[in-house]
Amino acid sequence: MTFEDNLSNIVAQLNENYTQSGLFFSRNDLERPNRDVIIKLLSDFKRLMFPGYFGSEHPNQTTAPFFVGSLLTSIHERLQHQIELALTYQAGGRTEGIRARAEEVCTELLAELPRIQKLIMIDVEAAFDGDPAAQSREQIIFSYPGLVAIFSHRISHELYIRGVPYIPRIMSEYVHSRTGIDINSGATIGEFFFIDHGTGVVIGETTEIGDCVKIYQGVTLGALSTRDGQKLAGIKRHPTIKNNVTIYSNVSILGGQTVIGEHSTIGGNAFITESIAPYSRVSVKNPELCVVQPGTAGFE
Amino acid sequence: MTFEDNLSNIVAQLNENYTQSGLFFSRNDLERPNRDVIIKLLSDFKRLMFPGYFGSEHPNQTTAPFFVGSLLTSIHERLQHQIELALTYQAGGRTEGIRARAEEVCTELLAELPRIQKLIMIDVEAAFDGDPAAQSREQIIFSYPGLVAIFSHRISHELYIRGVPYIPRIMSEYVHSRTGIDINSGATIGEFFFIDHGTGVVIGETTEIGDCVKIYQGVTLGALSTRDGQKLAGIKRHPTIKNNVTIYSNVSILGGQTVIGEHSTIGGNAFITESIAPYSRVSVKNPELCVVQPGTAGFE
Amino acid sequence: MTFEDNLSNIVAQLNENYTQSGLFFSRNDLERPNRDVIIKLLSDFKRLMFPGYFGSEHPNQTTAPFFVGSLLTSIHERLQHQIELALTYQAGGRTEGIRARAEEVCTELLAELPRIQKLIMIDVEAAFDGDPAAQSREQIIFSYPGLVAIFSHRISHELYIRGVPYIPRIMSEYVHSRTGIDINSGATIGEFFFIDHGTGVVIGETTEIGDCVKIYQGVTLGALSTRDGQKLAGIKRHPTIKNNVTIYSNVSILGGQTVIGEHSTIGGNAFITESIAPYSRVSVKNPELCVVQPGTAGFE
Amino acid sequence: MTFEDNLSNIVAQLNENYTQSGLFFSRNDLERPNRDVIIKLLSDFKRLMFPGYFGSEHPNQTTAPFFVGSLLTSIHERLQHQIELALTYQAGGRTEGIRARAEEVCTELLAELPRIQKLIMIDVEAAFDGDPAAQSREQIIFSYPGLVAIFSHRISHELYIRGVPYIPRIMSEYVHSRTGIDINSGATIGEFFFIDHGTGVVIGETTEIGDCVKIYQGVTLGALSTRDGQKLAGIKRHPTIKNNVTIYSNVSILGGQTVIGEHSTIGGNAFITESIAPYSRVSVKNPELCVVQPGTAGFE
Amino acid sequence: MTFEDNLSNIVAQLNENYTQSGLFFSRNDLERPNRDVIIKLLSDFKRLMFPGYFGSEHPNQTTAPFFVGSLLTSIHERLQHQIELALTYQAGGRTEGIRARAEEVCTELLAELPRIQKLIMIDVEAAFDGDPAAQSREQIIFSYPGLVAIFSHRISHELYIRGVPYIPRIMSEYVHSRTGIDINSGATIGEFFFIDHGTGVVIGETTEIGDCVKIYQGVTLGALSTRDGQKLAGIKRHPTIKNNVTIYSNVSILGGQTVIGEHSTIGGNAFITESIAPYSRVSVKNPELCVVQPGTAGFE
Amino acid sequence: MTFEDNLSNIVAQLNENYTQSGLFFSRNDLERPNRDVIIKLLSDFKRLMFPGYFGSEHPNQTTAPFFVGSLLTSIHERLQHQIELALTYQAGGRTEGIRARAEEVCTELLAELPRIQKLIMIDVEAAFDGDPAAQSREQIIFSYPGLVAIFSHRISHELYIRGVPYIPRIMSEYVHSRTGIDINSGATIGEFFFIDHGTGVVIGETTEIGDCVKIYQGVTLGALSTRDGQKLAGIKRHPTIKNNVTIYSNVSILGGQTVIGEHSTIGGNAFITESIAPYSRVSVKNPELCVVQPGTAGFE
């Protein structure tokens, strides 16, 4: 049987699949939030935070206010529209009160921008302080994935705490895709935060992180696994990291009751499901070592 | 010496390199499979599986059959052409029987799509069940990298098992690049599969995974390292994971004889090269812990 | 208060932030190195190294010299301009001697290309030798992220050792973003090098790697963490890996005095901060294991 | 005075201009019809009329219905939205009854498509019959600007007669820009119509053209000029061309009472403001001619 | 002989052509003005003149100043750079005084914008007054090619009169390409000017046009032809059109001494090389007319 | 009836239209020549003819050969493919001898390029000599539509005389669309040719033009109109223009037997269907003139 002989048959079967699932036809007349627009918004927030570094503009003392006002206006219009789409889609098409709520959320978020920018400039300092390979602060702004991740988080977190659906996750997964750093928008993160390298970092929804924390690639601040997970939605299930903690690469710290005390250092590759006292130094046991004959290296 | 003085010299040397390697001129008159076209095909398969979520179309009961039939026809034409290119290139330009084989493979794959879609909808359920942070199934479809990876794998696996070269790997490496999840197209994966977060996950070519398995970021289901590796091509060298197993972050499980028994849970950061009995709970030893004086945290 | 009522206020606050930081207005009249141009240069180097694999060109014995000469000329022009921008920006706008230095660096780098290409062809062999799943050398060139990373590193390292700022890091972070492999351009890497899968690999600035080394995903060759890190800039703080070493997934090896002796194999998930003798085989301790009752799997 | 010194001043003056005109701020919160979307719609109508000639699709007997149904659905959605925007903008933001009217117009227009397509296929015959240089009907479809113009007119006229504002003009001016042929969407045009070459052709809003008419480049079917022209809006002020008329290049025929009788031929460059009887042959007087001495050609 | 056998030969011949002409290698190290940037500048001037009509922005009373200031700053930066390139290229690479002159010209032009905008708004009125088919002023702004042409001319003329090379012509030819209206940037044009339809209109460099002039498609205001034309550069060789003149389609008016007196009307298709008194009405002679037998229409 | 109720009905009717015409399904499995590729080829020929003017390359004495050889190779590959598609499509899918013929045509055309370039450089001189407004030869290369048209014609004519279908017309109509100049690829045109302004120029398939001819906008060198035109295919039906002729704007010269003798000048707006002796000066009769009362201008 050729493809064309089978075409009507495949069409019918796929259509049957669509019909049987509640995920397709029920709200398909509603416009969904647009991933491309949301990613462009993140990029425009970056131009606002770091004028001159990413766009083609070069604002100075005289021209910066025009640049800022114009970009803010444009961000406001697009962001409010996406928030409205997200809220309407979540509400199954009900529109009552939704435009007003979108306007309110968007206005609040933009009013927070000066404060957020200050936080991010402090994060730049944390990176410069924490990485001897950083040749300058400019290099950090240009290139560091850890800065991309915390910058985006500080924006998307503002949407998360105001109950906007879909958009914070689209933002965080975009950054996850580009940097390998997966920070759930719900996480609470203090000042002077630095993620070095960052690939494989996971920071869960109910994580709390204090000031002056530094974490490395592959660190998981996660939950204990569960089946039937929706029962746990909203419950604190990720750890708390106090001020001045350093966590080395590939460490996993799990559980909502797990607290890493201040000024502690967690050595690489540890798997931690219980709390650690302040001023602790944790390290995995030394590995076993044997000298082998030349030609027999490996685990075969 | 300026660049221009040296230009002919560099040209001659690079040309010499090309000539001495068998990788350039021998088949350079053959058209290679096109990465951009293959990535676009993956994206169109996604529109077919999740109509209304990614493209601009909003099919409903009446219009869906037209949408599906039109997109399927377009996918068929492009996919068959790419398969033909891949087979011809592999055959060093020999064309006998290749168009017929490409048509056959493509027709078979498209006939499997309704079944594959059902599998993927079950994977959506697995993600919703497994992640308390998932606010809705729609959010999973929009954003979850684990879903991107299993969706793509279920397509590329169909090409792999029919012996199509290059294309499955181009698909899996594209997804690897976007999600950090590297599933070799040869791996066999059961129903209700969920990868949470996913960065750093590696699932090797001869891995077998049962139903209801859940794995986390940084998990390797790999082979023991080898030199002169081509001797092992085709031999089972990656583990077998039975039904209802959970594997925490950064676990490495290696070797073709290694079997993780059903209903087992593997705690984070374990390194496993031997089989684990069913209903086991495995965890790495507790790390060493010492309290340090303020100001001396770290490993210096 | 509406957004528009607050607009002037937000503008003023952001402008105040810009003014107070030294990162914005002081050099904003200088053109910065352009990330898009630099990424395109990497892509053109790839076309030069692997003619016929990525662009639309199909050079043969007769036409290859024209292709090579033309592409080299174009790369030279753009690369020299970016180097000049980077040096000028770093110098705060001072231009004396900078064009000549840019010309010198660019000329030297391009003269090295034939040698670099030979190295990369040897890296292709290392991948083919090291991975039984590799069906052909062509597949490695098309798709392997480890090859992307070492290819880019061998280019950007030439810029690094000649003191070009910003550009090497933009290159390495671009590759980091696409592959999850983060090799600092300062690292020294020998022949026949293979990174398998690669997500989460970190290789620090002062790392030294010998010949015939193979590393897996999640491996960190890093520094011990530090606060006030700029004091350590330029000091060797990352490990030395001797010839013929294999390092399994998720291993962290830290510290400038740490040496892994030749022909050693480091088992997965080890955390190593001290030197390992040649011909060693290192493995983490076996994990704890207990059989649990059905229904109680997990760490809850 | 530098630009920056003057910037606030220019801003203030331009803002003053905006404020004083009624064209800017009064309806600036309404979304305007989108020119790019409308041009894309024209292009999609062309794919529908000439399947296989312009897009990448190659529908056959089996697959054509899917292609057609899918494209129609997509056109319907976008066109209806643009009509709604145009009507709403015209109505100053009033929305009552507008969505229903947009749906009605769009449904009617799409129901006319099979009839319109037949007309256009007859126009292809007219071009093939009328131009000895046409090597095939396919060439006409690929390339003839006269066909582009009549194709677009037969679509936009359907919008015009249903009172849709803005969109018909955007369509006709787009075609005008690409072909130099300016047909007002209000014009009535019969079957078997052919415009050869076409640059400079103008066909006014109240023109009536019969069947089997052929016109050449530079032909104007226009109105007598007027000041205070809005008084004449809606009045017939362009000529009537009866069946089987041929009009040569650069002829101008003006006036609402001017009728060119059937089977007449109008020689090139004539300027006509009065009616012409059927079966007439009109030609401008012979030009004056004098032989000049070598070296003195020209009008100097 | 195959293409490849002949390749070196063709290369040598083309290179010989380049070498023998002064147009290629002599200034090929200088950056030329960039056509794409200049066209984008025209488009941005249009957004400035008609805010809300072409871009995605919707400025209102509050936000317009930010939009204007930001766009002006961006235009200033790019335009000044292009002027500098054009002047430097013309000067054969000499740079002395050129940046200052570019800054001066650019500053002057931008200071004229409020005045120019007022002129263009009057041109909109002229179009609305002159065309009964215009349904609204908005439609004119959206779609009328005559408005595009006069808008662009009023900008490029400011560059022309300040001696900027290349850029005015690139602007006018871009508009010529899109509208078929070719206004040399040197022409002087008064207020309330309207070109209807416009295809084929040519207005020469030394043309002078008064206020309230209306011209139709195909009108040439040109020079008498000449060989060895460079001798006439700078001399007035195009006509003068006084106030309140109307010129119908396809009229050619040639010569620097030719003056069309005020309040005159020139009927279509006239060829005029001598002055016309004020308050004249000019029309070509009636064409010859004969009635032909059915079946013999045409000039054969 | 809604759109959706009617959808199947419209689909059926359009499908019926497709089926009844021979233009759609019969050869729809053949790939058609690709308009975008052909336009890009024209653009690349322009880069070859005027290196440094349009692309981003800046070849000099040393680098030009590489640039030329590389671009020629790329043009060759794409052009040969398009010729093969065009010939195959015309042959209804028959492929015998077609690849060889495509190779032959392409090789011949590229061998002619050095000669063609010399012709075009002479055309640049003709423009500089003929237009006092031309500030430099560079400006002509950057901007003059007449040069675009003759450049493209000199290329497409080489394809036409070798019997390549579709492609010459796609080239000439593309240029027609951009410049308003419609030169049929069959026309024979001598050296030192200049079209000034050019909008509305039509030069028919069997036109012959000598050396040193200059024509203005709106000039038609056409055929007498005919019905049942295919009978005249291949017969000379357009005029012959001898050396050193000047033709002013909006002149129409028609007929295959019409010869304009050398050194003649044809005044604007003439309509000519008979031959003109050498050294003639032709002008239309003076228009009628009357002085009207103020307030009564116009033809109303």
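Each chain gets a letter, A, B, C, D, E and F, in the order it is written, and its residues are counted from 1.
Just so we're on the same page, a residue touches a chain if its C-beta (ideal position, glycine included) is under 8 Å from a C-beta of that chain, and two chains touch if they have at least 3 such contacts.
All figures in this text were calculated on a predicted structure; none of them were measured in a lab.
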{"item": "Pair with more cross-chain C-beta pairs in contact, given A-C and C-F", "value": "A-C"}
{"item": "A-E, B-F or B-D - pair sharing over half of the C-E contact pairs", "value": "B-F"}
{"item": "Whole-Å gap separating chain B and chain C, where each centre is the average of the chain's CA atoms", "value": "23"}
{"item": "CA centroid of chain B to CA centroid of chain E, Å", "value": "57"}
{"item": "Chain C: positions in contact with at least two other chains", "value": "7, 11, 58-60, 63, 65-66, 68-69, 72-73, 180, 199-200, 218, 225-226, 246, 248, 250, 254, 265, 267, 269-270, 283-285, 298-299"}
{"item": "Pairwise touch network: line, ring, star, complete, or other", "value": "other"}
{"item": "Complex contact set, residues of chain E against chain D", "value": "48, 50-54, 58-61, 64-65, 68-69, 72-73, 76, 103, 106-107, 110-111, 113-114, 117-118, 121, 124, 128-139, 141-145, 178-180, 197, 199-200, 214, 216-218, 224-226, 246, 248-250, 254-255, 265, 267-270, 273, 283-285, 287-294, 297-299"}
{"item": "Chain D-facing residues of chain A, complex", "value": "4, 7, 11, 60, 62-63, 66"}
{"item": "Residues of chain A defined as touching chain E within the complex", "value": "56-59, 63, 65-74, 77"}
{"item": "Touching residues (chain side chain D, partner chain E) in the complex", "value": "1-3, 6-8, 10-19, 21, 23-25, 28-29, 32-33, 35, 89-90, 165-166, 169-170, 173, 176-177, 180, 182, 184, 186, 199-202, 204-205, 218, 220, 222-223, 225-235, 237, 244, 246, 248, 250, 252, 254, 263-265, 267, 269-272, 276-277, 279-285, 298-300"}
